[in-house]
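Some structures are shown below for you to check.
Each of the two complexes below includes chain A, the first together with chain B, the second together with chain C.
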Partner chain A sequence: MNVLFLSAVWGVMMMFTGFLVKCKTKVRYIALTGMLLLVAASVADFAGFSVFNIKAPHMLFFDRFSLLFMIIVTATVLIYFLLSSRDMEKVGNYYSEYFALIFFVICGMGLISSFQSLLILFLGIEIISIPLYILAGTEKKNLKSNEAALKYFLMGAFSTGIMLLGITFLYGATGTFSTVFKLGPDTPPSALMIVGMLLLFFSMAFKASLVPFHFWTPDVYDGTPSVFTSFMATIVKAAVFIAFLKLFEESFGALHTKWQWIAAVITAATLIVGNITAVFQQSVKRMLAYSSIAQAGFMMLAVFALNTDGKEGLLLYAVAYSLATIGIFAVLAKMNDYTYSGFNGLARYEPLIAFSVTVFLLSLAGIPLTAGFLSKFYMLKAAMINGSGLWLIILAILMACVSIYYYFRVIQAMYFKEPELPQFSAHPSFRLGLIAVSALLILFGIFPNWILNWLYF
Partner chain B sequence: MYSVLLILIPLLGGVVSFFIKSERSARINSLFTSLLSLGVVLAGLLFYREDKYWIHDGAWLSVFNSSFSLKADGLSKIFILLNALAYVLLFVSGWKVTYHNINRFYGLFLLTQAGMTGTFLAYDALLFYFFWELALIPMYFLCSQWGGPRRISVTLKFFIYTFAGSVLMLVSILYLYSKTSGMSFSFQEFADTRLQPARQIWLFWLFFIGLAIKMPVFPLHTWQPDTYEQSPYPGTAVLSAVMAKMGLFGLLRWLFHVLPIASFQWADFITPLALSGAIYASLLAFRQDDLKRFAAYSSMAHMGLLCAASFAQNLMGFQGVMLQAFNHGINILGLWIIVEIIERKTGTRKMSELGGLSQKAPALSVFLMVIALANIALPLTNSFPGEFLMISGIFTTLSKYNVWFTVLAGLGIILGAVYMLNMIRKVFFGEEKESVFAVTDISWNEKTALGIIVGIILVLGVYPQLLLQETSATAGAINEKFEIVRKAVLEQLLK
Partner chain C sequence: MPVNYYIYLSVALFVIGLIGVLTRRNAIIIFMCIELMLNAVNLLLVAFSKMHHLKAAAGNAATTAGSEAQLFVFFSMVVAAAEVSVGLALIVMLYRNIHSVDVNFLNRLKY
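Take a look at the complex of A and B:
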């Protein structure tokens, strides 16, 4: 609960800071303080210490899983702020508003990781989406940014409509908005319910950019300023998956066998389309957009498997994937040239940054000794224990091999190609931050017990 | 603890190497590291023979029931010896060769050694997979940073190819894990799974493809000639002398123990595949003009024979394979060192531009002659007992095509003599070509390295018992596994 209130309050506060504080450095420090407080609040929540202990029965309930996820969210956003908040200055004049919007998104993520009622889910999704529509269009003079915002808004509104329709159908079938409803043990689910479930499935798939509902993703991610793409493509996406998993476990777990094949088909399509299309991209940013679709395919394995391994693995996946992608985007945001050749010879003049980007890419590709491997391993294990998805596992790992091709192109450019004009300036603290994040990824990869024991204790 | 030391030494040496600035210190550091690990291996083989030194059981990934457990059997010991020996020889023979950023070059190189040693020791399936990949990643960076002009695309192909193989292996490991009684990755639990024959088949193929790519076995070899050609010499030498043996090791230690029934059933399919691959590679080796590609195909031919002999699945075959795996490592290492010297001294590695080298470099020619004869498996060289055991293993296999297999294997060995002697004729004899006019004979460090190799060739040629006594228990253990399978299959046939 702490996080929910604090993020909303701090978001409003950041909006007013825009009037009162003109110095951008001060604004940044206020935002960082807020983020630190949020991390502390989420840890306090987890430890059982809650300042705002408001009971909302059948609406909201923070269990261990969602509390842990909130720690992950706040800690990742903190790292994101540390790495990228300087680059937000370049986007436009409304510096403090950007922070405010991000705080609101965190509030929405709190809702969708703890909902007990479909209405709260709907609220949470909307609270996440609307600030993101704005963030996508922050670069007002840039046509592509405007296009991204409009496209994201139209498509997002459409999918929200579908979600609402699904919720209505479910209400008609069950007579309650609660996610937990009784299914008769023998009676087959009514047609109304099946339709409602499918509509919810598709609208969630839309938010998580799964194939064939992914068409908005590349253009939106490409058009949005890189600093914000990094936020949209990582933590937000992970949160949507948490909600997806939660909804389908609590409400439709009993119908698992009925929708499992749809999940399997969508997973397979997402893996294939995401990975194969990423191979043909010329811009690293677009490649990362498609890679985020491909990674969503892997996360979808948790929804497909629907067991505890998948649930725990999804948390780990959220950490590994978000940290690595945020790191790469932080470097990308500092570049003028988004094509592969923009990275040429980076290792010559920025060896530390090149090394950490290599770690991020290896982690995304799922190479052992990085956290990325462990999270992918968890997903495969979940699907294996589920027992019916062997073909999906083999497809997933073959697609992981395809992904090596496009991730390693960046490594090749950095290490094996001659540098062009050095066009990179970084603060020493930025280098330090990147190295720290990559060390974190390697530590999780070699001694995963540290984080896993925490999950289990 | 002893076995952990074997991994730690090259790992630390490799990491330290990245931080060394001067070229000379980097060389000394890497030579010292490799000598230290060789010393530790030799001390272990001679003095600390009891199992307690070679077994380690530490906590690692307790949530998956995977532990940091290491164990060396006879097979691991000789592969680790080969590994340590190869590094010392390569550092000695390359003492005067310079590479740009040599500290990083040697650092990555030593990290590969740590990975390979770990693979040979791992007694836990997940750990095995970890080390398997750990050996691959530094090798990728090594080859694509210091290799030939086409290195970038070629090594990426190599990486994707082998990575695909190893993740297929991972799927098989995961499936077996979900079928173990206690949900554990330990070797013992894996060996006790005893799955139904029908289920073993596709698991076997997933596992085998990963190993076959590493060896490589026809038709999964297409990455190999290009990679060997484009990699820097030490990388190529380690790839063919030691890393290829990782595939063989996985076959003998993991696949045959865990999935014996499927291995037995598919032997008749894989043996002709491996043998025809060996003959195909020999024919290609005969047609090569480039010395590196020549050695690459020669290595592939020998690996095909080794794979076929492992699938003979009897005591003689296993003994032969283990002996010959070591010997092939030593011989191909010698061949690579010599090819490197030739290219460095003449500036070319095309056979058509070489000739009459024996006049200019008599010592080199003598060494090459011995190593080439060892590759042909002439009696009194190390390969003779190994290949003899392998061929008799193939002949005494239970398969009804055993005579045909033996004929094919024999053909492969004969072709080996043809291409090897042809290469010697072209490069060392005949009239002197322009490229060899300025050649001088080899220096002391190269003489030392090649001398050690020739020494090993002769000693093991006369007294192979040195290695056989290490491996006989391991070979017996694998054979016993197949004895049970054979009995069961015979019973089923009689019913």
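Take a look at the complex of A and C:
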């Protein structure tokens, strides 16, 4: 509850900061203070200490899983602020409003990780989406940014409509908005309920950019200013998956065998299309957009398997994927050239940055000793325990091999190509931050229990 | 009147909106079609609310069953209003840059 209140209040405060404080450095420090407070608040939530104790029965329910996820979210956003908040200054004139929007998104993530009513799910998804539409269009004079924002908005509003229809059908079938409803033990679910479930499935797939519904993703991620792409492609996506898993575990766990094949088909399609298309991209930013689709395919394995290993794995995946992608985008945002040749010879003039980018890419590709490896391992283990998708596991491993090709192209460009004009200027603390993030990735790759033990003890 | 008719009417409205979104090229019209989809759902919510209320009131006259769907309608109207304000702002931003609201323009990122 702390996080929900504090993020909303701090968001409003940042809006006032926008016209009260003109100095951008001060604005940044206010936002960082807010983020630190939010991390503290989420830890306090986890420890059972809540300042705002409002009972919301059948609406919100905080368990260890959702509270731990909120700690991960706030900590990752803090790292994101530390690495990228300086680059946000370059985008448009409304520096502190961007922070305000991000705080609102965190509030939405708090809602969708702990909902127990479809109303809260709907509100949470919207509280996440609406600020993101604005963030996508922050470069007002740039036609690409305009296009990204409008496309994101139209697609997002469209999928909201589909989600609402699904919720309504479910309500018609069950008479309640609660996610925990009783299915009759013998009676088959009504047609209304099946259609509602499918509509909810498709709209969540839209939000999580799974394959038949992914067409907006590369364009939106490409057109959005890089600093904001790194936010919307990582933490937000992980939160959507948490909601996806929660909804389908609580509401439709009993019907699992009926919809599992759809999840399997969508996972397979996402893995294939995401990885194969990423191979052909010329721009690193667009490659990362497709790679985010490919990684979504891996995260989808948790929804496919629907067991405890999947839940644990999804948390680890959220950490590994978010940290690595935020790191790469933080470097990318400082580049002028987004093609592979922009990375040429980076190791010559920025060896530390090149090293940490290598660690991020290795983690994304799932090389052992990085957190990315273990998170992929957990996903495959979950699917293995579920036992009904051996072909899916083989496909996932094959596609992870394909992904090595396009991730290693960047490493090859950094280490084995001659540098062109050095075009990179970074603050020393930026290098330090990147090294710290890559150290975190390696540490979590060796000791994943540092995160996962908190689920139980 | 049986609730089936309401389901047919709402789904018909929803599908009209859906087809509009998929076929029209003007951003404002697409936007109106999305609003039509949302409002079709609101209508259906109210119909279901009445249905559940009548079902519960048969046994117990003082029941509040079904009232939550009416509340949901208010929430979805508020969210739709927020979406309108953001969406129209985005469309105006686009219009200022290219003096058109045609979504065929939305293909620069592909190349």
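We take it that the second predicted complex is superposed on the first by the 457 of 457 C-alpha atoms of A that agree within 3 Å, B and C clash if a C-alpha of one lies under 4 Å from a C-alpha of the other, contacts with A are read in each partner's own complex, and residues count from 1 in each chain.
Note that a contact is a pair of C-beta atoms (placed from the backbone, for glycine too) under 8 Å apart; a residue touches a chain by one contact, two chains touch by 3 or more.
All figures in this text were calculated on a predicted structure; none of them were measured in a lab.
Overlaying the two complexes via chain A leaves chain B and chain C side by side, clear of any clash.
Legend: residue contacts after superposition of the two complexes on their common chain; A:I367 is shown touching chain B, with no touch to chain C.
When the shared chain is aligned, chain C comes close enough to touch A:Y133, but chain B does not. In the superposition on chain A, A:E89 makes contact with neither chain B nor chain C.
Comparing chain C and chain B on the residues of chain A they touch gives the larger count to C. Between the C-alpha centres of chain B and chain C, as viewed from that of chain A after superposition on chain A, lies an angle of 140 degrees, to the nearest 10. Judged by the touch definition given at the top, the superposed model places A:P448 against chain B, while chain C stays out of reach. Once chain A of one complex is fitted onto chain A of the other, the partner contacts of A:Y405 are limited to chain B, with no touch recorded for chain C.
In the superposition on chain A, A:Y171 contacts chain C only, with no contact to chain B. Contact with chain B, but none with chain C, is seen for A:I394 once the two complexes are overlaid on the shared chain. The superposed three-chain arrangement places the nearest Cα atoms of chain B and chain C 27 Å from each other.
The part of chain A that touches chain C in the complex is made up of residues 119, 122-123, 126, 130, 133-134, 137, 140-141, 143-144, 146-151, 153-154, 157-158, 160-162, 164-165, 167-168, 171-172, 175-177, 218-219, 222-223.
On the chain B side of its complex with chain A, the touching residues are 59-64, 129-130, 133-134, 137, 141, 144-145, 151-152, 156, 159-160, 163-164, 167-168, 170-171, 174-175, 177-178, 206. Taken together, the chain A residues at the contact with chain B in this complex read 362, 367-369, 377, 380-381, 384-385, 387, 390, 393-394, 397-398, 400-401, 404-405, 408, 412, 415-416, 448-449, 452-453, 456.
Only residues 3, 7, 14, 17-18, 21, 27, 30-31, 34, 37-38, 40-41, 44-45, 48, 51-52, 55, 65-66, 68-69, 71-72, 75-76, 79, 82-83, 86-87, 90-91, 93-94, 97-98, 103, 105-106, 108-110 of chain C touch chain A when the two sit together in their complex.
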